[in-house]
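In what comes next, chain A is part of two complexes: it sits with chain B in the first one and with chain C in the second one.
And then the complex of A and B:
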């Protein structure tokens, strides 16, 4: 793949990798008595490894100019594979931490295997590792097709993809060592955060540069959502992670915010990570792969518009519903609750727009598990957003807050919506990217569909039960006016549900293993006999007469 | 707007745009979406008028209902406290003997005490008070500091080897590590202590070792554990003749105890729990051992 880069791009890659290796070396030396030193070593090893990869093809012949008449899909292919690898790691960690809650001895008395360290490996592994790689890979694919333009440059897509994965590796390795800034979904420390800013700004620039080259007069809906995802995640990430490191040789830093401001900033970040990472990005996926697979026009362009602006405008206000009945001033809670309620309308409008798009294609939903993945995702999106608005009501929240109901809600969204739409998109895009006629086995896609649905349903029902029981036990009083149950009584009552939850998670994990096998076998299949249709080529006018200059 | 085509399935026109084969219909926004959007907005405006809602520089709109979460929770706490005062005032004012003699009051004590115990004490002493390795069993009547209500209440108040200024202080010295006794002497003391009757299931040591151990015991241990080994509650020294052992009764465990010593720790609860709660706990803990007999 390095041979596909121009010699100028190869040199640029070398310079960046060597600079990165030096940064890793410096981190390793300055922070040798600190976990940051181990991180430096990881950076050093990975960048030196990639340096050798680039060196191995440094003097390969220049790539032919013909490549510019095709879309650049290599980063998408690698991104899809990385997404699956992270998905397996993250979901296996999820099953482990779920089992830990049912059988606490599974930590084996090791610090790195304690719940507090494994849990962020699970959450970051699935959200950032699995979800993030799938978003980057599909965004490159969708962006090029809907713009009829090749990605702007060949180096920056790799920088974005591999740089992002370096962030994920630093994050996970840090958690095992106990490195965390204790902000949920923003656990990585300051140096990982700075690196992600560099990667993310490159991603944003790559996206708008490619969009600027589009040959279509209008920007397609999917790209609105991908753009919102990239732009807002940058803003959220930068603001919430403002911190002062103890020193350049220490992993530890202190947040710029304190007390209730810190809590509010964190949940403004946290809820909008749900909105713009886990919702907007995946809606972008849905708006391309669902109509494409169904072969149907989008139900309503006008509905797309009000859903998009409704979601982007209202989510921004909703974060404070995570802090009902806390020291947060009540007026902030009121605003968070009301905006969360109205948010249901554009959310259901999006889900409805997706499902109504399937009108005229329901026979395909019946026969094609890939399309059914996306249909089920839209249904779970509707369910999870309804539940979200409901839980944001202060009085409901007083029962549900701090219970497993919240965990169940998150997983209805994460398993039912995010993962299902991702699997549907992956099963669509893998044959297209690798130029295969179809997936290796449609039957295995069907098996995966039912494993994923069963796993999600078992998980969510277990957590609804345990969450509501927990909430009720915590507020049940004796006639004398004292609490009927102690906290440990409620923990004991959760045990059967925790076993059920671990079982549901195990089914979901088996599903992604089936998926990985299916993708592996698809890649090993012979390429499709018929040549690629012209629909999968950029605008022909872009073919330059003479070899294009390096990006 | 470009001129689109009519979609045969829905009868709607497309917008005329196409992206990689994807088209869009120009279907009007369904009425129900507009309806709920308006309804949600009206509800929000109404809710903002009634509740604290919008910031105004250094203050905020207080809402027509005049509700405030802080005063609300204070009122609710007062109300709950007033409802409970029917019996909490009795617990507060009556002495232990009088409470124990009042069956109605004792029903409440056992309900409330059970939850209090599990939330505060069970981490060390177990949910049923039976203790575990290093943590005393409270159901045996084998009390370190004495088992009358007033003494238990005091132990709960100040703790053992805690940070409370009045804390109970007790320590088993490390006779081996500090070189007070030889290993052979410790081994003999183990034989003697095991012969005092509190240990079942271990092979009896030879009588010479027991005799030597008795001498060492008389010279080193009786100050705290008493001439007969039955312990002294005023210094928190355990009875060595009963069946209850905090750190284990096998040869190895007793040897380790004598060699390394022990200084158990119980936190004090004066700052964490109210007088009433501590009284409830005292009576509840007492009831745990009463049930056994």
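And then the complex of A and C:
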């Protein structure tokens, strides 16, 4: 893969890697026993390792100019594999965390294995490791296909992908050591945050530069979603992480905000992370791979545009529904609640648009588990957004907040929507990227589908039950006006549901393991089509496609 | 001018309201504008063709 880079790009890679190794060294020296020192060591080791990789092919012959007449897919391939690896790690952590809630002894008396440290490894592992890598990999793929242009440059895609994974590794390693800013989904400390800003800005620039080269004049709607994801995440990340470190040699920092402003900033971030990380980017996937796989254009392109702007503008105002009944001024809470309710309209417009696209192709949905993954994702998207708008109503939230109902909602979205749409897209894109006719085994895709559905349903139902029981127990009074149940009563009542949830999660984890095996075998499978006719080789026929054919 | 609560509310009730409504109207007009329909039609069809190479 290094040999694919031009010699200029290889040199640039070397310079960047050596600079990074020096930064790692400096962090190690200045930080010494502080966690930042350990992080420095990780940075040093990884960048030296990559330096050797680049050195090994530094003098390889220049890549042929023919590459410019093909799309650049190597980063997408690596990104898909990384997504699966992180998915397995993150979901295994999820099962462990779930088991901890049922059997608290599973920490084995080790500090690093305590609930508070493993939980963010789970959330970051699945959201950023699994989701983020899948988003980066598919965004490169979709961007090139829809703009009919090759990625702008070969170095920056690698910088974005590998730099992002460095961030994920630093994050996870930090949690085990107890490093955290105590902001949910923004736990990593200041130096990791600065690094992510650099990576993310490069990502945005790469996207814009490639779009600027596009041969297709109209920017397909999937790109709008991906771009909203990249741009808004940059803004959110920068603002929420404004902080002052104790010193350059310490991991700890203090937020620039305090009190209720801090809470508001955090949940403005937190909710828009849901909106733009867990929703907008994955809608980009859906608007490309679903029509592509179904072989039918999206039902209504107009509707997709209107719902895009609807989601983009309304989500921004909804964050305060995380802070009902807090010190936040009541009008801000009401604002968040109102926007959350209106948000249902563009959300259902997207879900409905996806399902209407499949209307008339139900036989394909029946026969093709890949397409069924995407259909089920659209259904769960509709469900999770409906539930979300409901939970945002202040009176409903007074029952659901702090209970497992929230966790059930989260995983209806995270398993049912985010993970299912990702698996559907991965199964579509893997044969395409590796130039295989199909996945190694359609039967295993089918097995994965049912494991995933069963896992999600068990998980979500367990949490609905547990959450509502919990909420009701906490607000039941007896005749003398005191609480009927003690807190520990509610903990005992939840125990069976926690076991059920861990079991559902285990099914889901088994599903991704099946997926990993299937991908592995697909890659090892010989290209089914005779190599001369694969799309990436130059072909004499070269039908010139006019950019805007008259219908 | 002090940036207190009243000021912010006044601002969001006037400008905030108008720019959001203006944007919403703008988006709807763009999406429903009859001349754009053929463009959208081409856009949604064009991702379906099978060629897998950059255009030159």
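A few points about this structure:
Following the convention adopted for this analysis, the second predicted complex is superposed on the first by the 529 of 551 C-alpha atoms of A that agree within 3 Å, B and C clash if a C-alpha of one lies under 4 Å from a C-alpha of the other, contacts with A are read in each partner's own complex, and residues count from 1 in each chain.
Everything below uses one rule, namely that a contact is a pair of C-beta atoms (placed from the backbone, for glycine too) under 8 Å apart; a residue touches a chain by one contact, two chains touch by 3 or more.
Values in this document were obtained by computation on a predicted structure and should not be read as measured data.
Placing chain B and chain C on a common chain A by superposition gives a clash between them.
Judged by the touch definition given at the top, the superposed model places A:302 against both chain B and chain C. In the superposed model, A:145 makes contact with both chain B and chain C. By the document's definition of touching, both partners, chain B and chain C, reach A:216. Touch criterion not met for A:448: it reaches neither chain B nor chain C. By the touch criterion defined above, A:39 lies against neither chain B nor chain C after alignment on the C-alpha atoms of chain A.
Touch criterion met: A:288 reaches chain B and chain C at once. When the two complexes are overlaid on their common chain A, residue A:484 makes contact with chain B while staying clear of chain C. After superposition on the shared chain, chain A has more residues touched by B, the comparison being chain B against chain C.
Within the superposed three-chain model, A:10 lies out of touch with both chain B and chain C [touch as defined at top]. Legend: residue contacts after superposition of the two complexes on their common chain; A:117 is shown touching neither chain B nor chain C. With the shared chain A as the reference for superposition, chain C clashes with chain B in the stretch 55-63, and the other listed options (37-45, 55-63, 199-207 or 217-225) are free of clashes. Note: residues 145-146, 148, 216, 218, 220-221, 288, 291-292, 296-298, 301-303, 306, 329, 331, 535 of chain A belong to the chain B contact set and to the chain C contact set alike, using the contact criterion stated above. The touching residues of chain C, counted against chain A in their complex, run 5, 9, 20, 23-24, 27-28, 30-32, 37-56.
Residues 145-146, 148, 216-218, 220-221, 288, 291-292, 296-304, 306, 310, 325, 329-331, 333-335, 337-339, 341-342, 344-346, 348-349, 352, 356, 359-360, 478, 480-489, 535 of chain A are the ones touching chain B in the complex.
Taken together, the chain A residues at the contact with chain C in this complex read 68-71, 144-146, 148-150, 215-216, 218, 220-221, 288, 291-292, 295-298, 301-303, 305-306, 309, 313, 329, 331, 432, 535-536, 543, 545, 547-549, 551. Of all residues in chain B, those touching chain A in their complex are 7, 9-10, 14-15, 17, 19-30, 33, 36-37, 40-41, 43-44, 47-48, 51-55, 60-61, 63, 68-69, 80, 83-84, 87, 108, 111-112, 114-119, 122, 127.
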